[in-house]
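One structure below.
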Amino acid sequence: MHDDSPEARWERRAEMPLTIASMAFLCAYAVLVLAPSPGTPWDDLWLLVLLAAWLLFGVDYAARWRLSGRRLGFVRTHWLDTIVLILPLLRPLRIVRIYESMQHRRGLPRLALHARVIAYAGISAVLLGFTGALAVYQQERDAPGTTMRTFGDAVWWACSTLSTVGYGDVVPVTTGGRVIAAFVMACGLALLGAVTGSFSSWLLQVFAAETGERPPET
Amino acid sequence: MHDDSPEARWERRAEMPLTIASMAFLCAYAVLVLAPSPGTPWDDLWLLVLLAAWLLFGVDYAARWRLSGRRLGFVRTHWLDTIVLILPLLRPLRIVRIYESMQHRRGLPRLALHARVIAYAGISAVLLGFTGALAVYQQERDAPGTTMRTFGDAVWWACSTLSTVGYGDVVPVTTGGRVIAAFVMACGLALLGAVTGSFSSWLLQVFAAETGERPPET
Amino acid sequence: MHDDSPEARWERRAEMPLTIASMAFLCAYAVLVLAPSPGTPWDDLWLLVLLAAWLLFGVDYAARWRLSGRRLGFVRTHWLDTIVLILPLLRPLRIVRIYESMQHRRGLPRLALHARVIAYAGISAVLLGFTGALAVYQQERDAPGTTMRTFGDAVWWACSTLSTVGYGDVVPVTTGGRVIAAFVMACGLALLGAVTGSFSSWLLQVFAAETGERPPET
Amino acid sequence: MHDDSPEARWERRAEMPLTIASMAFLCAYAVLVLAPSPGTPWDDLWLLVLLAAWLLFGVDYAARWRLSGRRLGFVRTHWLDTIVLILPLLRPLRIVRIYESMQHRRGLPRLALHARVIAYAGISAVLLGFTGALAVYQQERDAPGTTMRTFGDAVWWACSTLSTVGYGDVVPVTTGGRVIAAFVMACGLALLGAVTGSFSSWLLQVFAAETGERPPET
């Protein structure tokens, strides 16, 4: 498991600073959206944090590109990193990886595998919902005819969207808000499908184990 | 299957009283929400039942903690019991376990496994829907601008939410109601996914068996 | 496959008359709901067809109960038939079985298995949607404040419900309509999950076969 | 893999012209719907493109029917082609096949299988959504009481429908629009189920591989 290429060493060392940077990015964005204080130095500070974090992501991306010794192929195989560079709000989704690597859970039996997938997809869905609610709220709150007046409404919208319930009492009406919403739907569906599917498999295994049956292959 | 540790013995003996207590809890809560009679001794009686049941859950939790001989680790491995202690409305979900242990179905072929998962997840979903409808109805009924005027509306809301249809004709508007609703969505989705997935696997097996094919591994 | 017990012989012989009866039942019900002509002998005729079909189901149920030589156990193991006896509108779901038995597809490879499950669940879903639309339309059309004014609205409602999209532009408002709707949701979800799951498995197999890979076990 | 029957040779040669024709068909249809310029020769030109593409599909269908040397059996086994002939808007869904055949990905490990299914179903869903939005928009835009005033609304409707969220803020109200919508729902559900299911399986494999576990059969 110990890969000693320069790229792997960089990734191990950069992991923690990047995670802190991504959390700082999310915090700064949340403060700017939820509690803006125009005309005070606070807003400038948070904007600075935002830019600094973004710069850090850029430096990390450039360094890994260089260390890989490749050209455009790097952009293709690291498409997820490329997207994250352009849309840094998605960065916090990597927090989940950190949580995992801190646990060093290796060689656990298969039942734990489902629990891990549920935890990973579940935490990702919560982060996606929070980030999506922030981004949509920023687009929607001052739009004419909006139904999303408070951040609480935006969170409620995110819940009803990620669960595909979709009541329709709170909906984005601006083009920007709808584009973000469509992206949240697409990601959320996949993540939720993973949670649901894993939970279903896990339940089958638990029931099979209880009666001493051979666990089904599913 | 016969585990003779003090903890297992306690669990076997406490099973029946706790189930009765949880059913009494749900009944008392339902009566208090649906047919309150303020100023009469009846409400005090039901409140007493509520508190007595809660006390019983607390005693059971404390006893199992002591018998386990562990410290904080107990809280972590028994997180489900800890949640149930804080939110006793979820307790009735354990009724399903009783139903199971009364049936003593052991060594049944695999087809029965799917039926059991469907039954377990289905009953849990029904209980969750009823409990959720009660709790949301309590939050919503007197809110200004509510669309949930009768308990029938609340049950209809629960149906359309658990099935992820989400018409949006009846929606919670208070913060409390929305928090409960988000919780119901999350649990309901997982349970319903389990029902759907198991039904799908079961159908595949039935069809495979009908034509004498080797049952697929799925 | 040739079971020569009296019960099995009865079932084989009764299959066709019962199917015709169930189709006649559905037709008569549809005509009574969609094109009622009060005061003419036509309505009496259709009502007669309805009752005759119902009687036939009753006779079949009684005959099979007698032939089985069992008592109340029959009601439990044949719970589906018992439900169909009480709610004859569900009877047409058996049409699917006929379609199957007419095809006599035995020993087909596994790919066909998925196709069969999709066909079975899909046809059942269509029948369920049509029957549900009829039943809900009967409850709703004259209710005050209804949004389901034509049978087309009812069919549109059934589509958006069975697919769990749930726009909410057309919703049942009466208690009777909502009870039927909840039932349609529950059945529809399971059937649709079966269609979706089988289609997903089938797609995986097709793609695996295309590149000569070993087909995955899923 | 090299099938040298006349039919297979025809299919290989016809692949590229047919793909170009189907893309031209979709473009012409999109221009006619979104930017009609009545009274100018442009509209006639696009209509001509539409008809020419349709003619090409007809010639291809006829040629393959002849080469197969069969009679009505051809219509049954090639039902998908028959549908495409009647509803040429579905033709672009074949673009996905081209994408695949250009990649010549053979003998890849199983992880790539899931990626391929996700890509195929995902691209199909996007094409279906775009085509469906176009067709519904054409039906709805001038209907009285419509909520689908711009093509942006139609795309937003397609997103919320394909993800089964179904807010209900934009819904088709005409019969034609609803029929197309029901078709989009049915196809979209199956495609999305395939994306979700494959993503779920893929995630399980990635997690299993990370810790050196035996990959689960699911």
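We just call them A, B, C and D in the order they show up, numbering each chain from 1.
Convention: a contact is a pair of C-beta atoms (placed from the backbone, for glycine too) under 8 Å apart; a residue touches a chain by one contact, two chains touch by 3 or more.
The model shown is predicted, which means the values in this text are computed figures rather than measured ones.
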Touching subunit C and subunit D alike are A, B
Enter the angle, 0 to 180° in steps of 5, of the rotation superposing CA atoms of subunit B on those of subunit C. 90
Copy pair subunit A, subunit D: interface residue numbering same or different (half cut): different
Measuring centre to centre, with centres taken as mean CA positions, what chain is farthest from subunit D? B
Taking each chain's centre as the mean position of its Cα atoms, how many Å separate subunit A from subunit D? 30
Indicate the whole-number Å distance between the mean C-alpha point of subunit B and the mean C-alpha point of subunit D. 42
Residues in subunit D with touches to at least two other chains are numbered 160, 164-168, 192, 196-197, 201, 217-218
Which residues of subunit D touch subunit A once you look at their complex with the stated criterion? 152, 156, 159-160, 163-169, 192, 195-197, 199-201, 203-204, 207-208, 211-213, 216-218
Which residues of subunit C touch subunit A once you look at their complex with the stated criterion? 164-168, 217-218
Subunit A-touching residues of subunit B, taken from the complex the two chains share: 1, 105-108, 110, 113-114, 116-117, 120-121, 160-161, 164-168, 171, 173, 175, 178, 181-182, 185-186, 189-190, 192-194, 196-198, 201, 217-218
